[in-house]
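Following are the structures in question.
There are two complexes below, and they share chain A, which is joined by chain B in the first and by chain C in the second.
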Partner chain A sequence: MKRLLKFFSSLRLTIVLLSFALLVVFFGTLDQVHLGIYEAQKRYFESWLALWFYPAEWPGGNSLQTFFIPLPGGFLLGILLIINLICAHFTHFRLSWQKIGIACIHTGLLFLIVSGFLTGMLQEESQMALDKGQAVRFSQNMRQAELVIIDKSDPYMDYVTSIPTSLLEERKTVTDPNLPFSLTTLHYYPNAELGLQAQNPEAVPTLATAGAGAKMGLVVFPQPLSRQDNVVNAQTAYITINTDEGPLGTWLVSSILDSDRFPPQQFDYQGKTYEIALRFKRTYYPFSLSLIEFTHERYPGTNVPKHFSSLVQLVNPEHSEDRQVLIYMNHPLRYSDYTFFQASFVPGGNTSILQVVKNPIRSLPYYAVLLVGLGLFFQFSTYLILFLKKRE
Partner chain B sequence: MNKILNFFILAGALTLIGLGFLPPKISSKFDYTQFGALPVQHDGRIKPIDTVARNTLLQLSGKQVVVVREHGTIHPTTWFMEMTMFPESAHNYPVFRIDNPEVLGLLGWTDEEGKYFSFNQLQPFFPTLAQQYQKMNPDPDNRSVFEQQLNKLYNALTLYTKTLYGLHPMGMLDSLTLEYASWVALIGPGMEAIRLQQEGKPFNEEALQQFAFVADHYLEVSKTSTLGIIPVATPEETWKNVGHSLLDAIPQGSVDTITQNYAQLISAYRQSEPDLFNTTLTETEILLAGHISLGKVKFEAFFNQFEPFYRSILLYIFAFVLILMGWLFQTQSLLRNAFYVLLLAFAVHTFGLAARTYIQARPPVTNLYSSAIFVGWGAVLFGLLLERFYRNGLGAAVATMVGSTTLVIAHHLGTSGDTLEQVRAVLDSNFWLSTHVVVVTLGYSAMFLAGALSIFGIFKSIFSRTLDKPFIQSCYSMIYGVICFATLFSFVGTMLGGIWADQSWGRFWGWDPKENGALLIVLWCAIMLHARWGKLVGAHGFMIMAVFGNIITSWSWFGTNMLSVGLHSYGFMDSAFVALLAFVLSQLAVMALGCVALYRSSSA
Partner chain C sequence: MTPSKLPIFGLCLLLVLCGCKQETITTYSIPKEESKATAPGTPQMMPGLAQQTSGFTTPNWQPARHWETQDPGPMRKGRWNIARDNQKAEVTAAAFPGDVGGDLANVNRWLGQIGLSSIDAPTLEKQSLWVAIDGKTCRLLILYSDDTPQAIIAAIVPHQGSTWFFKLMGETALVLQEEAAFRAFLDSIHFDEA
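On to the complex of A and B.
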């Protein structure tokens, strides 16, 4: 036990762990070129073990591309560093005024690592596309899709049943107590393009027997999953609806067939009207935003963007709120638990895209950084003062 | 004897600075200095013509001057005057730089013909170039080196053409005033003919055709020219170029006085009438002064001519040589003089930095070029502080080394155009630019200073016969102190960046390459400090680690920017990458030397 404590509290372990952290960050950054920032983050910084492969396009890549370096992932390093830090404090440190800076730095770093873990687990990010004059009550997660069955029979309320795409991937039959039928996935494509059968006679004929896929003769062209940060994958699937009396039909659903541009795919069963759609996962809010004006200024005589801003109407009937908000770079709207940032726009100026973030521990890194900063400042200025005194 | 030496050293340094105040020697009766200081709007900013000339030349040839065999060196403003007033002669100046042997081969040349070619030399090959341009890969990320270089040449030719249309519509340059007058005369009958045509009545077809022909041409010019020469009511809005100004004659009934003045200048220049040229120039300046205050633009013209960073480089090198001589001959007075020269160099460097901040009305670091200038400035500042405490010439020596090197790097980074370019919307926050960016950059300064100190320490241990223990010890304590500050600045700066990111897009940490680069510096500093506290390294070990810090910092500074170009494109193998690689190799070599020193000191 003592030897174990000694091992976990040793300074050598700190140096080894920090050196591995250096390597993981370096190779993770290199791989961002191939994987994109999001995927590299998952593989290197939010993992237990990471493998870096020699890139094929580097010199000698043909023979070296099977060469790889195994590295401890960010989670493993983070946990080991926390253990190391805590053990070291219990074994080596006696609290004194000279050491208070170091204690500050290390506590702050502990908070920083912890807040990194928590942010990874708790932070929700999505996008809200605002068209001029249209009130929007939801945002979409462009990385996650969901299959939804919407019961539209109640004129005042839609009943939405959401099925995660992971169940579609496994091609299991899905049943739900709220639905009088079951769903079977015939095919699931993580990314695809759609085309018209008439224009692509050589393509595999559509499997759809109902809905837009059958009516328009839509065919599916499977695409490789893109990891580029600015490319959206279009999840697509063929879904068969089975009832006790036999199958109702097969529908083609895809996140490309969004409700803005295409009519909803509806069907009737047992006197009720349902809508089926595969769409980006939505988060609904008890308030709405609508775009009044989007402004895009450029520097005179150039195309260099100078300033973007969205003038938005915020309406919350619960608090009888109805006011204008200006959202622009470095000046987001913070409302209820969410923060709305100016992220992007669709050329033409009628659509503004906001990034919506919810992070319950948003302020933790601020305190952590303050603690480390003060600690470093205190520690190094005492060192400087001592040094100057010695020289005198 | 000493006093005389002191006098000559300081007089030399001051002369070097003083020369910057003199206008360059050009035997011309045309007042090109005043012409170069005329305000125009270009790339979103109001600037003197001299700046436009320099940046255009930089983009074409990578240099700010033109070297012509018969004429010697041509000043940027005079080149611009030739371009816009006497293109027949400017077309013979070799301003297009072509490095790529495949592009040269396409034109039937080899690199024996040199690197610089004139418009007239290229003209016969325009069909070939256009044909190859059509075939080019439309995706810029997947172009071959040849395609990239071809694209570069094509862009240079486009820029050249746009520059030609800067001050006139490329009509009859000898009779521009006449051309404008006849244009004004065409407007009335032309508009009348259009009105009649629209009403379905008989109209003068010839008047309509003549008017439409000229108007069409001016419309084309207004789309081509990127030089705003006529201020509008609020100077921040887009200025009118010569095409717009001539089209404005349709509702106004006359051509703008400033455009007419430029026409006058052109004809005076072509007919070799310097007196007329100079008086028209003064008139034009007075006219423009009615719209905007010229102080800033004139200051920028002076800043261009003074070339503070070029002067600082020379002074830093001068100081460095003095320090080496002071060490060699064991002369304290030389070291003291070196310190004064270094102070002068730092003052000029600071002036340049402050001047850029004033002209741009932005914090000092806004792009890679300005970061290089600031890294050097910070390192010299830290070095001066070290010298103030230790007084052994070491702090001053590394200050001169890092100061001059980073300014040379800045010079090479500044060849892509206007280094005072506008800040993109994402970065538009003076508060964060002046806190996060400045602090991170000071962290780079400290890292490079520690690295440079270590290189000195290692060289001293290797190349002196006896082990100079006190020197190594003081060197070690300097490096330790500097690394402590590097840690502080790098950490605080990186975290300020996190706070900025959280404020602007809700993500404290996004694992972006640049963030990761900054994190690497912080991690490396932490490793160094813990290794020292755990007594795992001594003086030489710490020095070797600090030299490796140079590699990490250069990766963070430049390497991460090269990644964004994408490994798929061969852009990764461009000259900057080769330079970075060479730097890394040189640092590895120094580290190997450090290992030898480490071995010798431990066996001694």
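On to the complex of A and C.
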């Protein structure tokens, strides 16, 4: 146990871990060119182990592309640094008034690493598209999809059952106590295009027997998964609905068939109307935002954005709140547990896109930095006072 | 707890947190939704259908002179803005394969967009006007109410296995003022037969 404690409290280990952190940043940045920011972040910084492969387009890439370097991922480095810091602190330091500054610095550093780890685990990001004059109560995660079954039979409320796409394994049946039927995934495509059977006679015939896929004769063309930041994958699936009386039909669902341009795919069972859709994962809020005015200024004579802002109406009936908020670059709206950043817009000026971030520990890094700052101030002040006393 | 056990406790806590990410089926209720927002990133997420719609040949048409031509985007074939007396409206032309779920579903979607309740098939038949567009008898709808600020005038034109939607949408007063210009635009539409 003592040897283990000695190993984990070693300052050499700190140096090794920080060196690895440098390497992870270096190789992660190299791979970001191919993978995009999101994927590079997942693979290198929000993982336990990262593998860097020699890029095929580099000199000798054809023969060297199987060569790889294993690296500890950000999570592993973070945990080892936390253990190292705690062990080192209790091994090398004895708490006393003179060293309380060092204790503060170490605690601050610990909070910083923990907050980085927790942010990776708990932070949720999504986008909210605001059309002028339309109140919106949800945001969408463009990297995650959900299969939803919506019970539309109530005149005032919709009852949504959301099934994550990670459960849509081929030939697997999903059941839920809230649904009077089960769903079987015939095929799931992480990215696909749709086409017309009539125009593509050589395509695999549609498996859909009901809904838009059957009506329009839509066929699926599987596509490779794209990891580029500005490309959205169109998740697509064939879903069969099974009842006690036998299958109700097979529906083609896809995030391409979004509800803004295509009528919802509905069916009736046991006197209730249900809607089935595969859509980008939604998060609903107890308040709504609507776009009043979107302003977009460019630098004269160029297309380079100078300033863009969204004047929105925030309505929260629970708190009898109805007010206007101006969201612009570096001035997000912080409301409830969410932060709404001005992210993008659709050309034409009628639609503004906000990035919505939920980070339950967003204040922790500020407290951590404050603690480190206080610790440094206390420690340096103590040494300064001692030094001045000695001189006297 | 002795100091030497602290790292083990911390490690266990973090590992427990790692296990919290498993996805499960969730259920929730929301106030009834009729109209839905445009999905962000729309132009990138429908490569298949964008390609199909780009395949439709744009008919000949004569938009009103005061309509301001806009970039139609990947899914539409034409788009024009109208602005007068601080009021705004938009004319769009779009084509989709098949009947895109049928006229009733599309009309109910439009009604939702301007805050009106859905209608049933007999009501749709009663509210429909029938006009001739390029020799075809097509459904024309004028959708508005005194209680809502927005109105829609739209024509649905089936053509060679696809459906064309011509829609004038905006502030009610302006939309009603533009009805004559919109009808003249519909009269001017002529499809080149393949």
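Keep this in mind: the second predicted complex is superposed on the first by the 355 of 392 C-alpha atoms of A that agree within 3 Å, B and C clash if a C-alpha of one lies under 4 Å from a C-alpha of the other, contacts with A are read in each partner's own complex, and residues count from 1 in each chain.
The rule is simple: a residue touches a chain if its C-beta (ideal position, glycine included) is under 8 Å from a C-beta of that chain, and two chains touch if they have at least 3 such contacts.
Since the structure is predicted, the reported quantities are computational estimates derived from the model, not experimental observations.
Visitor: For chain A, which side has the bigger count of touched residues, chain B or chain C?
Guide: With both complexes superposed on chain A, more residues of chain A are touched by C.
Visitor: Just checking: does A:117 make contact with chain B only, chain C only, both, or neither of them? Give me first, second, both or neither.
Guide: The second partner, chain C, only.
Visitor: Could you look at A:178 and tell me whether it touches chain B, chain C, both or neither (first, second, both, neither)?
Guide: In the superposition, A:178 touches chain C alone.
Visitor: Looking at A:369, would you say it contacts chain B, chain C, both, or neither? Reply first, second, both or neither.
Guide: The answer is first: A:369 touches chain B but not chain C.
Visitor: Looking at the overlay, what does A:325 touch: chain B (first), chain C (second), both, or neither?
Guide: After superposition on chain A, A:325 lies in contact with neither partner.
Visitor: Is A:103 contacted by the first partner chain B, the second partner chain C, both or neither?
Guide: Neither partner.
Visitor: Quick check for you: in the superposed arrangement, does A:186 touch first (chain B), second (chain C), both or neither?
Guide: The answer is neither, since A:186 touches no partner chain.
Visitor: If I apply the document's touch criterion, which positions on chain A are contacted by chain B in one structure and by chain C in the other?
Guide: none
Visitor: Help me check something: in the complex, which residues belonging to chain C touch chain A?
Guide: 3-4, 6-7, 10-11, 14, 17-18, 20-21, 23-33, 35-42, 44-49, 51-52, 55, 70-71, 75, 94, 96-102, 105-106, 108-109, 149-150, 161
Visitor: In their complex, what parts of chain A are in touch with chain B?
Guide: Checking each residue of chain A against chain B gives 11-12, 14-15, 18-19, 21-22, 25-26, 28-30, 32-34, 37, 40-41, 45, 55, 57-58, 115-116, 119, 123, 125, 298-302, 304-308, 329-330, 332, 339, 341, 343, 355, 357, 359, 362, 365-366, 369, 372-373, 376-377, 380, 383-384, 387-388, 391.
Visitor: In the complex of these two chains, what residues of chain A are touching chain C?
Guide: For this pair, the touching residues of chain A are 1, 5, 8, 75, 79, 82-83, 86-87, 90, 117-118, 121, 127-131, 133-134, 136-138, 140, 142, 152, 154-164, 166-167, 174, 176, 178, 192-196, 198-199, 212, 215-217, 221, 223, 230-232, 234, 255-256, 258-265, 279-280, 284, 344, 346-348, 351, 353.
Visitor: Along chain B, where are the residues that touch chain A in the complex?
Guide: These residues of chain B touch chain A: 41-45, 226, 228, 236-239, 389, 421-422, 424-426, 428-429, 432, 477, 481, 484-485, 487-488, 491-492, 495, 498-500, 502-513, 516-517, 519-520, 523-524, 526-527, 530-531, 533-534, 536, 555, 560, 563, 566-568.
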